[in-house]
Amino acid sequence: MTSQRKPEILLEFVKARKEFLLDDGLINRLTGKRRLLRALDDVSLTVRRGEIVGLVGESGSGKSTLAQAAVRLLTVDEGYVNYRGENLASARGGALKDFRRSVQMVFQDTGSSLNPRKTVGRALDESLALRGLARARRAERSNELLNLVGLEGALQQRYPHQLSGGQRQRVAIARCLALEPEFLVADEPVASLDVSLQSQIIRLLLNLRNELGLTLLFISHDLALVSHISTRVAVMHAGRIVEEGPPETVLRSPSDPYTRALLAAIPKGIKGRRARRESALLSASAHKEAAE
Amino acid sequence: MSVAERPLAEASRVMAALQRIWQGARLNWATTTGAVIVLVAIGAAIFAPLIAPYDPIEVAIENKLLPPSAEFWLGTDHGGRDILSRVIWGARASLTVSLLAVAIGVTGGVLIGLFAAYHSGSWVEQIVMRAIDAIASIPLLIWAIAIIGIVGVDSVDIGPFTFTNVHKLLILIGLLYMPTLARITHAVAQVEMTSDYVKARRVQGAGNLAIMFGDVLPNCLSPLIVQATLLVAIGIVVEASVSFVGLGVQPPTPSWGSMLADARNYVFSGEWWMPVFPGAAISLTVIGFNLLGDGLRDVLDPRRSTGRLLT
Amino acid sequence: MTALLLDVRDLRVSFPVANGMTEAVRGVSFSVAPGEAIGIVGESGSGKSVSALAVMRLVAQPGRITGGEILFEGRDLAALDEKAMRTVRGRHISMVFQDPLSSLNPAFTIGQQLVDTVRAHRPAATREAARDRAVEVLELVGITEAGRRLTSYPHEFSGGMRQRVMIALAIACEPKLLIADEPTTALDVTIQAQVVALLWQLREKLGLSVLFISHNLDLVAEICDRVYVMHTGNVVEHGDVEDIFLRPQHSYTRMLQNCIPRIEGVEPWSAAARSSTGEVAP
């Protein structure tokens, strides 16, 4: 137990609840029978400065809703989402502008997170304008940003469809960095990329985090990936956070049955094959014994 | 790149785009034909005073009803006026009405469509789109004739502005074009607004207006451009029809439709050149705009990444 | 030595592009013996899916097979006409695709689709017999209350169930070879494990041969006996699954192995991540 002061809390979900109305048609709407989908169910999560928090969840777990709530693309119905102590739902004007600069998001689908009709240069230019950078300095800064993510400045002329998936994701990251944020929410940033590209982008994110002192909220369905890079892992299921802790603890001694099911389901390569063979042999010999 | 290199890069991009258009044109003769026809029509409209051999309005009875000859290429009408010159000048009336009507329709339609998409999911959107549906149910040609028939063909003065009959016509057509264009804009904008790049802009703090006009609208342009060219073609026919019944461009100003009206009495008496040439002008121009619109649809097809013409 | 079930030799598939043809598959050879489970591993653009589609002669026009032989039980499928190929598809070789939502016809019940498939290859079968087979096959893939579910539409099923229905459709006519092209990529990992277990069971129960295509080396290693690794249209390495997995020879295979984040062990770059966390108390 250290006596160090814990770093500042940046993002905080406090018993957040978000429900969506499922559109079941006119008749049901008139008779009042509406179905509710509870995407966030009393979610509490804290992210402190400097951390890399990995949020693991499968489809339907609510992780995307949480990601959107974290960047205020939507507001929660009950509970709070705070950033540096300020409630996001009630933030206005200057406070909101500060927030929009401090927190940025990297999206999953590289194909649609960049406007297909804008060149890379224009997208960066607009972001720098929002940052407040003088027009004269923007071209140079765009070059710097591209170099920072490992791309050449010449790519400014290209349109997104002229880039590979990996390049597009780097551009998306560069666009985030244009606002000089302190907090990055990455919502499945490598899910649509080949495995060889995934490690490159992950490496890039980690290096940027170390160089620029960023805090990361990394959201993914891949528990193994998340455990490798996070300082803390949270597992989400059906709108709730069912497990939270350092990666080693979550992996070796999970307390929640869903986490255990998740761990059991991950393909284990050769070990899995051998285990399968053994269990097949065991059941075969058990049948033989029973028959005798 | 340095500031000095910028204009060069721009110029080379324009050249590259022109090159692509040229290559595309060689492959697609239908679109090229359409484009050529449209350019000829627009050229005729703009340069009429320069290229028309004779005055289109001045009556010269001594020349009346002459068949096509070396002197009068397309013959003369019942007033002795050169038909070629009248056809060239007639392009002005047709194209002014149809192009300006489309301009009005696009401006209004886009604004309404974006407005409705912005309020997607709310009752505002419902009201706007249902109002649009109501206007869309109005048959264009019948209303054009009816309204002008009721209001009369005289010029109207509202404040400092004078609205001639042509102005009335093109404003009316423009208004009736708005529903189609609003629907297209609304449909595409709705989809684009759910995309990740719009979300990304929001997260960066871009204002709603900047997002609608800077991000969403450019992605609506392809289907709008295609529809606009097709509406120009419709506009030409509408103008000709309204002028044919005397409610459009007033004599002696030449218009293809009124030329057809004049020719009514001469169809079966042997002066075939009177209805044929204005009729051909109408048909060719309409075909031209249709071909161009079809061709643009193929080029700007979103399935071909972003459509090469705009990259 | 038992005769090979599927023997693909020097397969080439090309697609026309703006100025010529581009080869998506460049002289690829692989084989499946009766009862074997073979894996083809590769990233996007490696040509693995195109190779599988070529075996079924389903390469999308205007792409074409431009070389090689596809010997199935001795017959060259590449040389067959469409009519003959249709007797092979579904009956002798079957395929399961990645996205079950778009692979099942949303306008028809799964019962209808199953019955249609059965009767397509056994026109003499009565409706009753076809229906019974449909129920039988749905139970085989682990769908409970199969009889009742015959009247359900695809959208009423979850993703994992839809994939089971797809597998049921594929085995309805008792094929000898099942080609599975990224069958679990679109599914959650818990569902993925179930589908993989199902494929393993079917192998045992029905003596089915499986050609399993995936980008996930770990997944392929779990159920396959032999593995081919593909990269930009070529097979760069192949062999027994244990050899490929534990002793990869080719640099690309090794790269694939190294890039997969695994649960056991601490990877080098995560240590770097943890070290600069400043004052974060564990």
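By written order: A, B and C. Residues from 1 in each chain.
Just so it is clear, contacts are C-beta pairs under 8 Å (C-beta built on N, C-alpha and C of every residue); 3 or more make two chains touch, one makes a residue touch a chain.
It should be emphasised that the depicted structure is a prediction, and the values quoted were computed from it without experimental measurement.
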Central chain (distance from its CA mean to the mean of all protein CA atoms): A
Chain located farthest away, centre of subunit C as origin (C-alpha): B
Chain centre separation in whole Å, for subunit B relative to subunit A (CA means): 48
Distance between the centres, which are taken as Cα means, of subunit C and subunit A, whole angstrom: 30
Centroid spacing, where centroids are CA-atom means, of subunit B and subunit C in whole angstrom: 53
Where subunit C touches two or more other chains, by residue: none
Sequence positions of subunit A contacting 2 or more other chains: none
For subunit B, residues contacting two or more additional chains: none
Contact set on subunit A toward subunit C in their complex: 2, 4-7, 48, 50-52, 58-59, 194-196, 198-199, 202-203, 206, 209-210, 221-225, 227-229, 231, 246, 251, 261-270, 272-273, 276, 280
Residue ranges of subunit B touching subunit A (in the complex, touch as defined): 1, 9, 13, 195-197, 199-206, 214-215, 218-219, 305-306, 310-311
Touch list for subunit C against partner subunit A, complex: 43-44, 159, 188-190, 192-193, 196, 200, 204, 215-219, 221-223, 241-242, 245-246, 255-256, 258-263, 266-267, 269-270, 272-274, 276-282
Touching residues on subunit A, where the partner in the complex is subunit B: 68, 71, 73, 96-97, 100-101, 103-105, 107-109, 112-118, 126-127, 130, 139, 153, 157, 159, 161-162, 172, 175, 179
